[in-house]
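There are two complexes below, and they share chain A, which is joined by chain B in the first and by chain C in the second.
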Partner chain A sequence: MPPSILYHCSCLSSSPHPPPPNLPSSSYSFHPLHTLFFCEECDAVRCNRCVSIEVSSYYCPNCLFEVPSASVRAEKNRCARNCFMCPNCRNTLSVVPSDPPDTGDSRLSMPISSLNEPPFFLYCNHCRWDSAEVGITFEKPTGLAAQLQKYEDSAPDSLEFERLKEHFEPFLRASSLSSTIGGNTTAHASSAAHSHHAHSNSITAAASAALARDIPGVSKYQPLTRTTSGRGGSGKDRSRNKDEMPEYRSRVEISKTSAYGGGEADVELMDHIETIGSIATLEQRWVNSWISPLQTKELKPLRIPLHSKRSKRCPSCTHILIKPEQKAQSVRYKIKLVAANYLPAITVALPHAQKAKAELAKKQLGKSTAAAVEDASISASNMHAGKTYAFHLALSNPLYDPIQVRLSAPRMNVSTAPVKDGSPEKARRPPFAISLPSSGFSVAAFAEAWEYEDDEDMFGVDDGDEFGMKGGRETDGRGKVRTVGVLERRANVTLVGGEVVIGKEARGDVKFNMLVSYTYRSDDPTPSESNDGDGPSSTSKSSSAANKQPEVKTFAFYTVVDLGHIIPRDEPRAETDF
Partner chain B sequence: MEPPIYYKRSEYIETDTGNKVSRRATIAGPQNIILGGKTIIANGAIIRGDLRRTGPGHAVVISLGRYCLIGVDCVMRPPYKTYRGNFNYYPMKIGDHVHIGSNTVVEAAQIGNYVEIGKNCVIGKFTIIKDCAKIADGTIIPPNTVVPALSLFAGSPGRFVEDLPESTQEMVEAQTKQYYTRFQPEADAR
Partner chain C sequence: MPPIIRDKFTIHSKAIVCQDIEIRGDVTIGAGTIIHPKVTIFAIAGPIFIGNGCIIEEGAIIINRRKDVMRIGDDNLLEIGCRVECPEIGNFNTIATRSRVHHNVRISSFCVIGAGCLLAPTEDETLDDYTVVYGPSAELRTWSGRGKVQEADLRRKHAEYLKEMLPKFNRLRRGDGT
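Let's look at the complex of A and B:
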């Protein structure tokens, strides 16, 4: 996998520094650039973990029909057309007529509606489950959901659910009345988990009170006391709501009925079990069927759950970052503020690994085994303790104006963090040292025309740079002289070199935080060489304009660069124990 | 920028519109196949343009858009079924910026734009894959499956795993264009 680079999202945290990359938990704070958003209002990066989400439309992932949100609840979030899921393997079921699935010639396979003779049944063309096995057939091949409704509605679970709904109805009505003041109409159908709005609080509380009920064989649900700010003591809330509710009595006392399993009947069944497959798996029982039977042969087909298109908002200022087009299968957006349009994209490469890979590829040329090349290149990208390696960072500018970039790798990740968690061995000597270009460098503006070029000199030599790349291309020799600094400029991409010195006793990964700060000017198209020489990290996360020139802004963000695994000195180079 | 991917100049035929077709690929019924331009058909791929609907006249069996890649040893075969007692093949339509990994068998009816299909997959008959979807390596998509836009499918049978990022279209477009640029004849040596 490595080398790789991920971008930091602070998720509204007040700390200006990202977590040290050697902590496993830091992975939650770093994301690929293309998954991040950018809020212009806050001038900040946002990620999927911190944005607020609203459902903007619902659709069936199989028939692709949009479902108006009004009917979503009535149809229990599932497709009410002809779309069913195989209770056995979750594949989509097909409707087939009952004429015999002809011949033994599987190449001709299932004839799809070849003669159209009733009765029809649902058939899985992956695992060959069919609904006739569980006694479900249809007189006509359309409107199956309606035909199945009676089975579904008479399932004990759904009867119980209806009763619960009835029970909570007065309470829900009361709480929705009070919440209309909040004025948020989009959150009504989304699950409580997705809703970040305060009014869902009481509903959630009521639901958790119901869930806290004892069910034999199911461990007691322990609602977490959520201490989200602005809730005003959810614990108190819950107890009050509980008091208001009359006690709920279930339709059937589950422990006293034998029809739905449990007790002696289950023991009897288990005694005579022949294959493990005859017992439905937890997933099949709880996710794939409208009843939750113990036995596989009783699983019923389920209508396909709806999918949704979602809008995303900045968690801080609530401005919309993502707003999809209404049409279900459109991949366009009315609003799409993604970080890739604001922040320079950075790719990392290890030249020694690339070279090895290229040579291998050349050797393999003519033989059609691409897989072998991939495997071999993995071992070629290894880094050994006690050695020095160059690495390349290619920065591409998405802006229509040139940017001036500074890179720095704050020491903190190697020095402070290990000291705290008390591993003195590591703390004494940082396992590796990173050198990055010390001065700022420019990355040219993005231009539409370059995007569509297919010309040959994409990889050609591009000499004569005003910043003076020393010497020619890589092939001329691998002197250490010019490994750190600007190596190449091409269109809106600047390639810079860095260097890592790996300690003799080093272990683990070469993984470090890198602060990227860039200055851009929104008016003037000429590159600004007059970047005042203040420290790279002095202006962080703020649009502090330099005094001399108006319209110059600086934005800084953290990344984590992973160059790969260090192979310790003593061990043989073949395989590591990680 | 990733390094170039070299091929032997003698091994590929380049068309006027920039399609690059391996001489070691099997193109059956080429008159029934449309390539949109800048599309690469790799070594060992088999494209069955000969499996056409019965009846007179000319018929497009397989159409591929721009910047597509049919990987090494892929099989592209139009879907077929018996309808009202008649066995027939049906056309396969593939959009722009579609990459199909090596060793994958495709019998889809329709594949949209910006679609990535991994290696060692089976895409069953009459499958419909919408724009910007992705099929992970080794996925088995059963016949008649619909893969909605911007969704990742994986497993056997292939099932929905997650929604893909909003910037998928741009990512795939850049990636497929870059691949075409990187795919170039080996410098004269050898």
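Let's look at the complex of A and C:
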């Protein structure tokens, strides 16, 4: 696994410190930078788990038609126009005319599109399924949904559903009046035709609800006895307890008919199947909404389900973080407060692994198996116990002002070693030590590519292959080879080196939390604030900065750096490769 | 070490063959066939016969490693990046983009090998007419044949268009010899 870095979102939790990264349960709170948002009001990082999401608009992924939210429900979350999905491969179906009658090859000059040969049918370009196999053909190439509507309405399941709705409707209405004032939206929706009974004035509605509430010992007061008529058995219903209702008799006895799944006919079918392909797969059956036919040849084309565009809000201050454009075709956003525009992007690299990978790539040039190269490079990038490795962090600044960054690795009391019997003390010692540049360093501002001057200050050698160096940190004494500190500054990227010393008995992954705090000049006239997640180092910095310039802001966030796997010393190498 | 491959190209005068192709061995190309640039046709061990009206697009690789003749029928469409090694292909097939067909498969007519599919069965297999191979796991199903007249028409129009446009922008290779 290549080295990676993930950012911590505290998700509104009280403690600013992230959980120790070695625990498997802590992976939920660390995210890659491109999935994070930043709220300007709260000055905090938000992740996908803590934002509140609401639907902005619905659209069909095929025709990109925006469906107004009101008709989404009526159309059962599917596209109402000519968009259908192949039941076989779930590709989009296109409407094609039938072949012209076979008169040989003399019809070359006539373009096909003017051949309006009914019957039209749906055709999948990918798997060549067509709807004529299930017997669905159309007379006109447009308005297919309407033409199919009568099929759908006469399907037994929707008829059954209509009957159920009619059966339950009076009881829903009655219970909606005796419940809270607003009434159940379900009752209102299902009794759309009867909604005129609802009180127009909220006061009278409140009064009637109060009158209709249950008083023990007294029979229920039904104010609507006068208005609803024509329901034969309803008078009897009302005198009883409202929980009882006449038994519902379904239109069709399910157990008797075998056409609706289950039953003897299915078993017969299974006994006589010839190819496994004639039975529909689970995926194909579940995507089909109501009746799931067992056989592949009975799968019908489905309308394409709608997709939605979502907008996201900050959970605490409810400011909008992400708001997409209303048009379905555009992928841009009206409001886009992503963390990548505020936080520096950090990438981690292990220079010794990169060198090994480059050498391997040269050796295997021309071979088509990329998997072998990857495996070998993975094993080369793993770290051995007992050695010291350098790693590079590249920070790139997204802001238009230069920033001052300070890194620190807070101490944590965990170990990666599995708990062996009889050695509880070993479990406490951290297996590796990190040395990071302790002083702050600056990263230049982001500017367009042509505005950068061409001076690259190289402070050190790029490939810090420091195998033999024990004793940790390298000071500035040796100007040529320096692993800890600022290595390079180019455009708006600063390359910083750090070092990790792996203990002899270490196992597992090298993962450590890193606190990154940076100060930048903000446009706000407010004085500098220290935010949640500040380490002790940055508070002192911000207070000193506050005295100097009133417009400097400090922000800090935690990250977890994962450098890779440790190869233990005593075990053979092949065992730990994954 | 490898046997010397003697180049012998028999290209019909009505075929449009671009110059920038890698073609080796004994290859015969029929009338009306269009071969785009950057195509690789290697008749290493045995000859290759390509029929009439085929369209072979860029990046296609046709290799014959067997001593027998490799026959490609009429009106086939070999799309970009495909790799074909099968000993026999019929008529009106479509071998889609980046698909690969192994040398132990024989394709009949009106078949479709979907994009990216790898058709490499463990033993010799013959695909019947109207077989469609699709999906990442190369599922097979049979086409009903509906719409084949329109598709044939489309292919002919495709070939005609290319016949007009390709010579305007590419150099053509004509005739026999190397």
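One rule holds for everything that comes next: the second predicted complex is superposed on the first by the 345 of 578 C-alpha atoms of A that agree within 3 Å, B and C clash if a C-alpha of one lies under 4 Å from a C-alpha of the other, contacts with A are read in each partner's own complex, and residues count from 1 in each chain.
Rule of thumb we're sticking to: a contact is a pair of C-beta atoms (placed from the backbone, for glycine too) under 8 Å apart; a residue touches a chain by one contact, two chains touch by 3 or more.
Computed from a predicted model, the values in this text were never measured in an experiment.
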item	value
Partner chain in contact with A:N62 - chain B first, chain C second, else both or neither	first
Touching partner for A:R78 - first (chain B), second (chain C), both, neither	neither
Touched partner set for A:A394, first chain B, second chain C, both or neither	first
Chain B versus chain C as contact partner of A:S94, first or second or both or neither	first
First, second, both or neither for A:T35, with chain B first and chain C second	first
Touching partner for A:V493 - first (chain B), second (chain C), both, neither	first
Which superposed partner A:H307 touches (first chain B, second chain C, both, neither)	first
Which superposed partner A:D130 touches (first chain B, second chain C, both, neither)	second
Touching partner for A:R406 - first (chain B), second (chain C), both, neither	neither
Chain touching more of chain A, residue-wise (chain B, chain C)	B
Shared chain A surface residues [contacts with chain B and with chain C]	89, 108, 112, 126-127
Chain C-touching residues of chain A, taken from the complex the two chains share	88-89, 96-100, 102, 107-108, 112, 121, 123, 126-130, 132-133, 277
Complex contacts: residues of chain C adjacent to chain A	112, 114, 132, 134-135, 139-141, 143-144, 146-150, 153-154, 156-157
Interfacial residue positions of chain B with respect to chain A in the complex	1, 3-8, 11, 18, 24, 38, 43-44, 72-73, 81-85, 87, 102, 114, 124-125, 130-132, 140, 142-146, 148-151, 156-157, 159-160, 163, 165-171, 177, 180-181, 184, 186, 190
For the chain A and chain B complex, residues of the former touching the latter	34-35, 59, 61-64, 89-92, 94, 108-109, 111-115, 124-127, 307, 322, 324, 328-331, 333, 336, 338, 340, 347, 354, 357-358, 361-362, 365-366, 368, 370-371, 394, 452, 454, 456, 458-459, 493
